[in-house]
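There are two complexes below, and they share subunit A, which is joined by subunit B in the first and by subunit C in the second.
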Partner chain A sequence: MIDSFAFNIPFISIFLAMIAAIITPLLPKQNRIPENLSCCVIGIIGILSAYLLYALTNSGQSLSFNFKIGNFPVPYGNELKAGPLEAVLSLFFSLSMLLSLTGNFSSTEEDIAPNRRQLFCVLVNLIMSSLLAMTYTNDIFTAYVFIEISTIAACSIVAVKESPETARAALRYLVMSLVGSGLILIVICLLYNLTGHLIMQNMHIAIQVLVSAKSYIMPLTVSLALITTGLAVKSALYPFSFWLPDAHGSSTNLSSAILSGLVLKGHIFLLIKIFYRVFGLDVIHALRMDTVIFILGLLAMIMGSVHALRQTNVKRMIAWSSVAQVGYIFLGVGLNTTAGIAAACLHIIVHACVKPMLITAAGGLSNAAGHKKGLHALMGTFYSNVWAGLGFMAGAFSMMGIPAFAGFASKLSLTMASFDHPVIVWSLAALAASSVLNALYYVPAVIVILTHNKNMNNNFSAPPPTRLYKISMTCFLALNFYLGLFCMPLLRLITRGVNVL
Partner chain B sequence: MNEEIKAIWKSLFDWVMGNGPRPENEVIPDEPPPDLPFTRKPKDKYSRFHEATLKERYNQWLEIHGLHMFSSLYSGISVLTCIVIVSLLLATVSELPSLSDERNLANNEIIRRYVERGGKETGAQNIVAGLILNYRAFNTFGESAVLFTAAVSVLMLLGASRRNNADDEQSMKGNDSGKNFMQRGPPSVRLHTFRRDDAILRGTASISIPVILIMGCVIIINGHLLSGGAILSTALILCANAYDFERVHKFFNEQIFITITSTSLMIYALSNIFNGGLILLPNICIGLIVAGTLYGFYALLSEGEI
Partner chain C sequence: MLEKLILNHYEIAAVILSGIGLMNLLLQRNLIRKIIGLNIMNTAVYLLFAAKGYNAEYPPVPAGLILTGIVVTVSVTTFALALTLKLYETYGTLNIDEALMKMTLQQEELEAKIEAQEEELIS
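Entry: the complex of A and B
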């Protein structure tokens, strides 16, 4: 059995982030106290998650445990559930969040007015807390409450940069996101009416009873369709993803990194939990939702890249590439097997580490070009900010799926997962086509930043990258190569986690 | 063969560099013009008797009718979508089991325990208070955190932007400007600057504000019987409308607003962690959060600052 400290870690890490958010407005604003507090707390959460993972893998027999919140046992009170998969995800989420915070320190100070930074840190902590809660919760209504927190906080960290585009993008994001929240809430009401439970396992038992008696199939189908739509809007699955490039392309670098890398992933993992823990894979298959998810994933992989090809703004290009990568994750979910979901979870981790690196690097490059975001303006910026250039190249190669980079590992596991599945032809074709399309826009971008610019404006000198930027970029690169080269133990761990999800 | 490969590389290089094949009469501008749709100027015609091509005519037609077409199409599709979703949901709801049906899975041991033993187990006078503050206290904490998030977001987006720039510059220059940061600069421009000397409003307010205040306090303190905190904020809103906004500002400014909200949520979080089954303390905290947030929204959205 695991020790009592590790047993409390899920609860402690949610509340640590929440209390950091609550206490930040009461602290003085000088000396970067709010920023340092956020970094410390997120670092501590990372260490705690690593310890939880260690305790879980060395515990022997039971790999997951339930944690009761409050005074009452499970059908009456609230519950968290932690297993290896949750621990791995919260470890990588906190690592990625920490590195995005430190890497984008200077760009955040340029973009956001000083009197807003304190409250901005509050929102970042709230997003972290809601991500952890979505990862650990075993209660579907708790999940909804924290979805609301992340929705509001995510919209305001888009709008914090004062410009007309961000205001428009944030409004659009808010409307789309609220549609998603509304659908999720309606489905929670419907499911409660059908099953009488809010705890995921108990709902699963009730749904099994209903499906085996062939009663209330139509309300169940509608609930499944609507909650999938709601979470797909939030996680930017292709036909619902038109808010994403505006919101992620026009906001400040830290916001785009957090949104692309983490907020989308929290919702996707929640959808995986609802599929796996509430409905069960056989019910999903019987209601044909896996086919819909699979087709939408294929569509997203192709269309995200096609849209990205048309962009001239580097951040919008990366944002559309996020749409394509979300398609990969949904492809894994749509396979509807344990291996497929494990591959999807690996891709969640890979994308959560690579996309913030890519955005941080693109921010550094456009800083070196004098705050220009156009691709043509980035010519030769590799030589003025080598760290950002290396990060951008590694991120681009990872997105294309070059071996030894992180993206290769998850694409390989997606391919392996689709081998014993009837849809193998479609998924392999789509993976190949999407990789080629990724290369079609990332390779020119890499060539552009590597090409010497002869008529570069010499009297403009960009500030050199700070030490913090170099350190976090090094960590990002190390993480990238770790995921690319040594992913197999991680994949085994995730598979064990999916089995006890 | 070699020449062909060279030509392909040349064209790829040209494409990357941005100098592909160009028409002979093209004028290369020094700097690419901003490509905004409303600032685009019509192209000069080369001859007086220039006849519009089919594409140009299409573009002209689109410029005149496009927006109208789009808006009518948009409203048509949105109405259709709404009708489809509404009918789908109505059909689903009609399929749901009725509450009185004893085979309904929702009539299970949870509701029975809440109703039968809720009062005894939680010590609450009404079941709803016991339910939201004891059985499902974590969710209610999350809901209060939603309010806190909303308050922080509105304060960040509306409150902080309207302060004068001198404040920003001072805090940018050095770290020793902590005191200045807390102090308020000269008042910024109000959104509504009408004189509030309405005798009827003031007369009514002078009578009703004490009553509303007492009512609000009673409701907040009696949290285990009646939960709610919005009434307290109506007293503040009425005060701000009847008298001057400055008067409320003397005892309720941004600092106090954020202190009250954060402290209440903090107390609530701590009572949630060391769960002693408290009901009164969390309820007072929720009441204060709701009251502060509602007044804060009103002040920020109507006046632009707290």
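Entry: the complex of A and C
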């Protein structure tokens, strides 16, 4: 058995982030106190998650546990469920959030008015708490409430920068998100009617009974299709992803990093939980949703990269590349095996670490070019900000899947997962084509930043990168190489976690 | 068939209302109408919940869920209205297409200005 402190960690980490969000507006604004508080809280959550992971892996027989909030009995109470997978995800989410915060400190201070920074910290803490809640919750209605909290907070961090584009981009994002959460709410209502439960494991038992009796197959199919659509809209799966580049192109760097590195991932993990814990893989296969997800994933991998090829703005290019990477995750989910879902979870972690690094690096480069975001303006910026240049190159190589970089590990595990599966030809062809397409737009970008710019405007001198920027970039690079070189123990841990999900 | 429809009239009303709401949310170009569509859709779901969610063992659960849901809808509506206000202050219109047109026009003007400045610098 695990000790009682580790047993309380899932609740404590959600609660800490919520409390931090509530008390931040009451703090004095001087000396970066709100920012430091957010960083501290997120750091503490990271340490707690690491301890939970340690306690779970050393606990012996039972790898996961259910935590009843306040010990109320089931229909009135609320449950959290923690296992190795949840602990790993919250550890990497908090690491990535912390490094994005510290890495983008100066760009956030440039973009956001001083009187708004405190409120920005509130939003960051709210996003962190909703991410943790989506990771740990075992109650589908709690998941809905936190989906809405993350929607409001994510739209606000897009709109927080004062520029004419952001209000429109945020509204577009909000409308798409509201369609998604409306669909999720309808499905929760339908599933509650069908099963009489809101706790995911109890719903699973009821659904198994319904399916084995071959009754209510149609309502179950409709519910599954609607909740998949709803969460696909929120996680920017290809045909529903047109809001993402808008939201990225105009917002501040930290918002982009949080949005595509973390907010999308919370919704994808919730979808995985609904597939694995609520319906069960055999039911998903019987209702043929795995094929739909697989095809949409293939489409996203190819079309995201095709769209990225046509962009001239570096942040929009990275946003479309996120769409392609989300396609990889859905490919793993669509394989509908334990290995496939473990590979998808590994790719969630890899992308959550690499994409914020790429965005932070691109922000540093465009700063060195005088706040221009066009790809041509970045010519030769590697030499004015070497740390950002190195981060950008490592991120780009990782997205292409060069060995030793993080992206290689998850692509390898996706390939391995698709081997004993009838769709192997399709998934291998799509992985190859998508890697080539990724290279087609990342290699030119890397060449551009490495080319010496002869007619560079000499009277403009960019501020040198701060020490904090260098430290966070070093940590990002270390994380990237750790994931690329030593991913096998992590993958084994994730597989054990998926088995007890 | 007709008997079943009459028997389940709450559900029929909820389905029709949520369809109307969803289509308004997706297809209307005016933002205020979009937000009204959102409210119609969510209210329809609560109607469905109230009609179907009755559970003899635990009667208060659906009521609690609907209360939470109403709070969520109110906060989302407030946030959407605040963003709409910001859009109106920036562009002077509530139509999302017109706002896009004005934005592209502004950007083109800005780019033309920058090009003219660069040409001046070169000459």
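Just so we're on the same page, the second predicted complex is superposed on the first by the 498 of 501 C-alpha atoms of A that agree within 3 Å, B and C clash if a C-alpha of one lies under 4 Å from a C-alpha of the other, contacts with A are read in each partner's own complex, and residues count from 1 in each chain.
The rule we apply is simple: a residue touches a chain if its C-beta (ideal position, glycine included) is under 8 Å from a C-beta of that chain, and two chains touch if they have at least 3 such contacts.
None of these values were measured; they are calculated from a predicted model.
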Answer with first, second, both or neither: which of subunit B and subunit C does A:Gly196 touch in the superposed model? both
Inset, instruction - Kindly classify A:Leu178 by the partners it touches after superposition: subunit B alone (first), subunit C alone (second), both, or neither? - result: second
(request) With the two complexes superposed on chain A, say which partner A:Phe141 touches: subunit B (first), subunit C (second), both, or neither. (result) both
Which of the two partners, first being subunit B and second being subunit C, lies in contact with A:Tyr76: first, second, both, or neither? both
Applying the document's definition of touch, where does A:Ser38 land relative to subunit B and subunit C: first, second, both, or neither? neither
The answer to whether subunit B or subunit C touches more of subunit A is B
Q) Can A:Ser305 be said to touch subunit B (first), subunit C (second), both, or neither? A) neither
Please indicate which partner A:Ile186 is in contact with in the superposed arrangement: first for subunit B, second for subunit C, both, or neither.
both
With both complexes overlaid on chain A, does A:Asn385 touch subunit B (first), subunit C (second), both or neither?
neither
Review point. After superposition on the shared chain, which partner residues are touched by A:Ala159: those of subunit B (first), subunit C (second), both, or neither?
Key: both
Dual-contact residues of subunit A, meaning touching subunit B and subunit C, are 75-76, 141, 145, 148, 152, 155-156, 159, 186, 192-193, 196
In the complex, the residues of subunit C that touch subunit A are 18, 21-22, 25-26, 31, 34, 38, 41-42, 45, 48-49, 52-53, 55, 57-58, 60-62, 65, 68-69, 72, 75-76, 79-80, 83-84, 86-87, 90-91, 96, 99-100, 103, 106
Seen from subunit A, its contact residues with subunit B in the complex are 15, 18-19, 21-23, 25-26, 28-31, 69-72, 75-78, 113-116, 119-120, 122-123, 126, 129, 133, 139, 141-142, 145-146, 148-149, 152-153, 155-156, 159-160, 162, 186, 190, 192-197, 206, 209-210, 216, 218-219, 222-223, 376, 444, 447-448, 451
Per the touch rule above, subunit B residues touching subunit A in the complex are 15-18, 88-89, 91-92, 95-97, 104-111, 113-114, 121, 134-139, 142-143, 145-146, 148-150, 152-153, 155-157, 160-161, 163, 167-168, 171-172, 175-178, 181, 258-259, 261-263, 265-266, 269, 273, 275, 277
Subunit A residues touching subunit C in their complex are 75-76, 141, 144-145, 148, 151-152, 155-156, 159, 164-165, 167-168, 170-172, 174-175, 178-179, 181-182, 185-186, 189, 192-193, 196, 198
